[in-house]
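Chain naming follows the written order as A, B, C, D and E, and within any one chain the residues start at number 1.
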């Protein structure tokens, strides 16, 4: 449940725009990586303070500043000062339970996204908030914790693969978002595999815990949906927007990301439908099994209870029971019992229970 | 159910705009608190009549008048007179079963909201209607009963934390709404905790009353949804609106509150989905258990009923039953019975019932 | 079912605009009440013909003509003639199974509504169609049968309470609609009470007929929804409309009625959700009970069937059964039977069935 | 199922606009009826070829040409030629599995509708596609088979009832559509009756086949919905449209038909909701009955199985069973058995099973 | 599941627009067919390279280039070069898990569709992505594998049937899409047949595997829906679009295809509703059967268990049991047993269980 709502109680009552790092100790070590490049040059270094990043800023080069924990209040304040970010924007960046959104401010554009990835063994889906700020010639990316899906992007910038070195900061924003969204597909694929396995199990051999697993998968889907749904608005906002920092030449790339989001949403909706159907089939199977169990019971009970009764009758100790004295009595009773049993069997055959 | 619809029968037939205090005795004691502040000054006092508040009104200072019960007709009439409020608006304020809404009138803006909070031990969600009237330089807040979520706001004004003392009455309206909406998160968190506990119970150890609890949670969610849903329109109305009393500089703050409302609605929808799923899993578990119970019964009955029949046969008192005279008859019968029982056990093993 | 669709077969094939009184004998006695008022004067009388109403018509005074049965074709034709109403409008008025709607015609505005009220003992919800025609200085109200929710309105006009005598015919239209909509709240309140009682029953002590009652309540809700839903369009049509006969000063009052309709729709949707939830909880409870019944059966059968088998074995009449001759045989068998029963009890305890 | 999708395989691969009569033999006899009228004259005759209809065409008179089978390719081609109809339009007319739609072409307007009626004894709902082409001064109506709902319309034209003889071809189009839509009400009424009967049965005395009947009714509703839903667009298209052949004076009549369609859709939605509710109540009733059956079984089994066990014990043939020798043993056992049975009865009373 | 999401992991991290053939070996043999025609001429040949196609290009003739596998990177690169296609467009064409879409670029229009067909014996629905690029005077069609639904189209071009030789490349695009969409109907028909058969089975004779089959059909429907739904946007985009390469004269044909898509979506929705209903009826039938099974068990058990008990009583071996000595005792007991059995039978008759 904690995935669905962040504990925000400590923030209640603070003035809007008050910076409080939520969920993490306050002065955690921050790791800042600065990548600066233009058509011909490429520079990458670890820096300690935001000032540093400014000192080496070149005209026309694109600067990508990756800040690895948003919980250090001092660093965030520095950013606010140097890049003239509105305090409310900073608050959004630091409160990590935020809904994906996109906001145009005068000089910069804020994009808040969820980075999704599957962790090692248990393949649980993890979500991390990432805030991207696109200004003229720079992109700031602020992550909750270390580890991201940008390694391939860094590689491409280093090696100058594709157009990234020829185009501006807005194209860098695009490829970062593209990397995040491409990873959604990986997550969906994992989910798809789990659904497929579960479906296989339900059809061939239902076990009780399957229902719980279907429920847990449903919850993952609900969670994913909540995270990804607002991305539509983010992307269409970026396309429609008339911000100075996004040139129209990037529009075709943004449309491409938008198409991916739509496709992901389609797939999520299909998964929901399929999981709903799996619950149905689970109930049907259970109902079937119950039927089968009951039939076995009914057949045994209905055949042997009358026979037991007949046997019981001739087990009575009455002084005068004429049948008992008959020499063939015993065999006649056997005969009657066989006829009764046979009739029952025929009856159940007729009903198709046997 | 009374949460879903207020008893309005006594009002039926009154002319529109007729002021009748609903639900409470008519001349209840009213508590009015006036807070007046500008950049340099701050004044807070309890007052008795609305006139008092006017007498000490300063040019350019922001006045916040908090009226603590809307059921005193005289006070409400005074307000109407001094602040030139339309009678229909007053009627809306006094009828406490109102839907959240926002209305622009010439000189002022009316905002009706629900203040939600969890009460002490039982942690039941309570709802109180609060009406905010924003005029030039003043905000009136009219509550149903004493006790609110504004203590932190008062503190901030007193101490001049943040921008509140620098900005106008429209910013005050914003921070009041922000305080109310922030408290929604607290309520959701409580609900989230209850859902989590219930989910835990359903998966590990279902008890019959769980179904009732899921139902009651669903009802709380339905109620919350009904209260919060119209807030979207309220907020977007305030942003879009062209009222003179709201300056455009407050827009970014209103957008922030709007984002919170959207996030709350998303979470409520997720809760609905999860609760629906919990009912499904509850039914599945019940179905499973029934199956297990029936299997136990069927296995016992199907093994022992035939055996009992065999025993019954040789308990018959026929004069001539050749088996009975055999010395090994008893042991042969035991053998047969063991074979029959063994066959049944193998049969149930094959069916995976054992 | 007859509530959902009126028998219209007899009308099929008539030319559009053909006037046929549906559902009632053709020349029923009609009761026409004329109320005429302005700021200073008030006049109320029963009249026989429409001409009468015209003869005494004063300049500037508002005339409210209430016609109590729409089934008298002659009277309706007179109205058409004197007030120049389009034949199709008259047809709409006379066919009482109509959907609420609002139509602007050149000189007048037609509003068709449903008047809902609960009848005496059984508290069944009844619906009656009422057509309101607003022209310059007059309002015609055409009801299906006698008895309405306008007594308070009449009283207010007589006594000049509120603004009704100062404002025009459009305000009269508003207070008539307001009276009708206020009565919807009374109906909802009744329904809310019934739902509450039913919910109480379902949680504490389910009886089979509860399912039927839930179903019947659902049907009432579906019916209400169908009647009230189109009222949104009616009200927003009146607000948006640019008809000459509605002055803009009445807009604030119409918005108030619109808000009420939205609130009613919200409540109806909540009721639907709650009733759906009640069916779920009903099924859960039934499933629980079945489980309990089956457990009792299984426990009894599983304990005693094996014991009965043991007793049966030693009831056999074989000549040579060594145990029978043993002096302690009987007590040993009792011991075995107690051990078997004890084992079963422990087994069921483990399974938490006991 | 065949109602939901027409067999179109033979058409796949033909060029668009290729005329192939589907479902019927190719050169079936066609029946063409021409009705021509103006204010003063009326003429009706059976004709053989389309040319004939043209020869007697008068200036200003309205011509209604009713073609009774669309499967004769030659006649359709003639129509195309004389009235200059686009080949794609003709294809639409001839493929009878079409969705209702409305298309404006330069000189004419095409309206494709479904004519619904209940056939004789089984009261099954039948659907027939009818295409109406409105040109200046003429209406072509092309039906699939003989028999329609227009007899009353023909009568009215013949006798000059209402306005039909005074108004143009567009009004004729309206009354044809009105006749078709009025018949929808008849169909709904029939369905409503069947639903009512079924509901009665479900509440009083459920039989297994009721579930199947509910399912079949649901299918009819789904089918109806699919046929009628697009009619909204057809009607609003006709109203909005700026075709020369529809004068604005007909708008009020079209709005009337539009209102009917909305009302029909409302009723269909209500029917869906009610049928969904009926399945719920059916499951509840079944669940109830099962409960009752199980209770009877459990009560009998739980009372008599222990008693049978006791009897079994004293039926054992041990040499040494002290109770057997007691003179009051038999009566004591009876006493014990009565106490056991009594205890069980009290237990079941407490559980409210008796 | 693999139908719902393509394995895209290998692509993650590549720069946008990087061309990688997914799912197939990289340098597969490509088959390119060039068809060139104008009013009078027609030419068709297999070519090896894209250059070839250009060399023989005539002014004013329409060129249709059909490329049969999109997995050959070299060929795709050639196309990009000769026809000046944007790299992102090529990426879309090569990644075969794409959502249907339509994009206008300066000189050409891209349409990505799904070609659906049923494969031979198992009649499984297969889906293949096809990309159509419409430029001035040419259409490129890029398919995943060999085999398509265009044979009839090729025939029509060869023989000059219909208007295809008179109209431009945009009309060719239309007839290709028309052929694809017409084939959807064939697929739906197949599905409809399977649904009909299943429905027949469910009503007459339910087998457990029916539930699984309903589930699988549901999945097919979900899949179809996902593939076809976006086609609406594609078609309306083509109609609305202001691309130079589509002349307005083709609009009426595009509208025709659009209508077909709407009709297909309607049918798919109907299928969903019907399948949902089939699950309901399946559960009802199962519930019914269980009821019947339980009744049989209950009747047998409830009649014979008490009788067995009576027999058991008189099988007891007490020394002093007065009834046993009675000469008529045995017959009296038979009488009692018959009375008890008869009472039970009457009781079950009353309950309508017999």
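Criterion: a residue touches a chain if its C-beta (ideal position, glycine included) is under 8 Å from a C-beta of that chain, and two chains touch if they have at least 3 such contacts.
For clarity, every value in this text was computed on a predicted model and none was experimentally measured.
Novice: For subunit C and subunit E, what is the smallest step count along a path of chains that touch one another?
Specialist: Minimum number of steps from subunit C to subunit E: 2.
Novice: Through what angle, between 0 and 180°, must subunit A be rotated so its C-alpha atoms fit those of subunit D, rounded to a multiple of 5?
Specialist: 145
Novice: Nearest whole angstrom, what separates the Cα centre of subunit B from the Cα centre of subunit D?
Specialist: Those two chain centres are 42 Å apart.
Novice: Where the CA atoms of subunit C average out and where those of subunit D average out, how many Å apart are those spots?
Specialist: Whole-Å distance between the two chain centres: 26.
Novice: Mind pulling the subunit A residues that touch 2 or more other chains?
Specialist: 283, 287, 290, 294, 297, 301, 305, 308, 312, 315-317, 321
Novice: Does the chain-touch network form a line, ring, star, complete graph or other?
Specialist: ring
Novice: Just walk me round the ring: subunit A, then subunit B, then whatever comes after, in order.
Specialist: Order around the closed ring, subunit A first, subunit B second: A, B, C, D, E.
Novice: Along subunit E, where are the residues that touch subunit D in the complex?
Specialist: 149, 151-153, 155-156, 161-164, 174-175, 178-179, 182-183, 185-186, 188-189, 192-193, 195-196, 199, 203, 252-253, 255-256, 259, 262-263, 266-267, 269-271, 273-274, 277-278, 280-281, 283-285, 287-288, 290-291, 294-295, 297-298, 301-302, 305-306, 308-309, 312-313, 315-321, 353
Novice: Give every residue of subunit E touching subunit A within the complex, in rising order.
Specialist: So the residues of subunit E in touch with subunit A come to 1-2, 4-5, 7-9, 11-18, 86, 88, 92, 97-99, 101, 103, 208, 211-212, 215, 218-219, 222-223, 226, 229-230, 279, 282-283, 286-287, 289-290, 293-294, 296-297, 300-301, 304-305, 307-308, 311-312, 314-317, 321, 323-330, 333.
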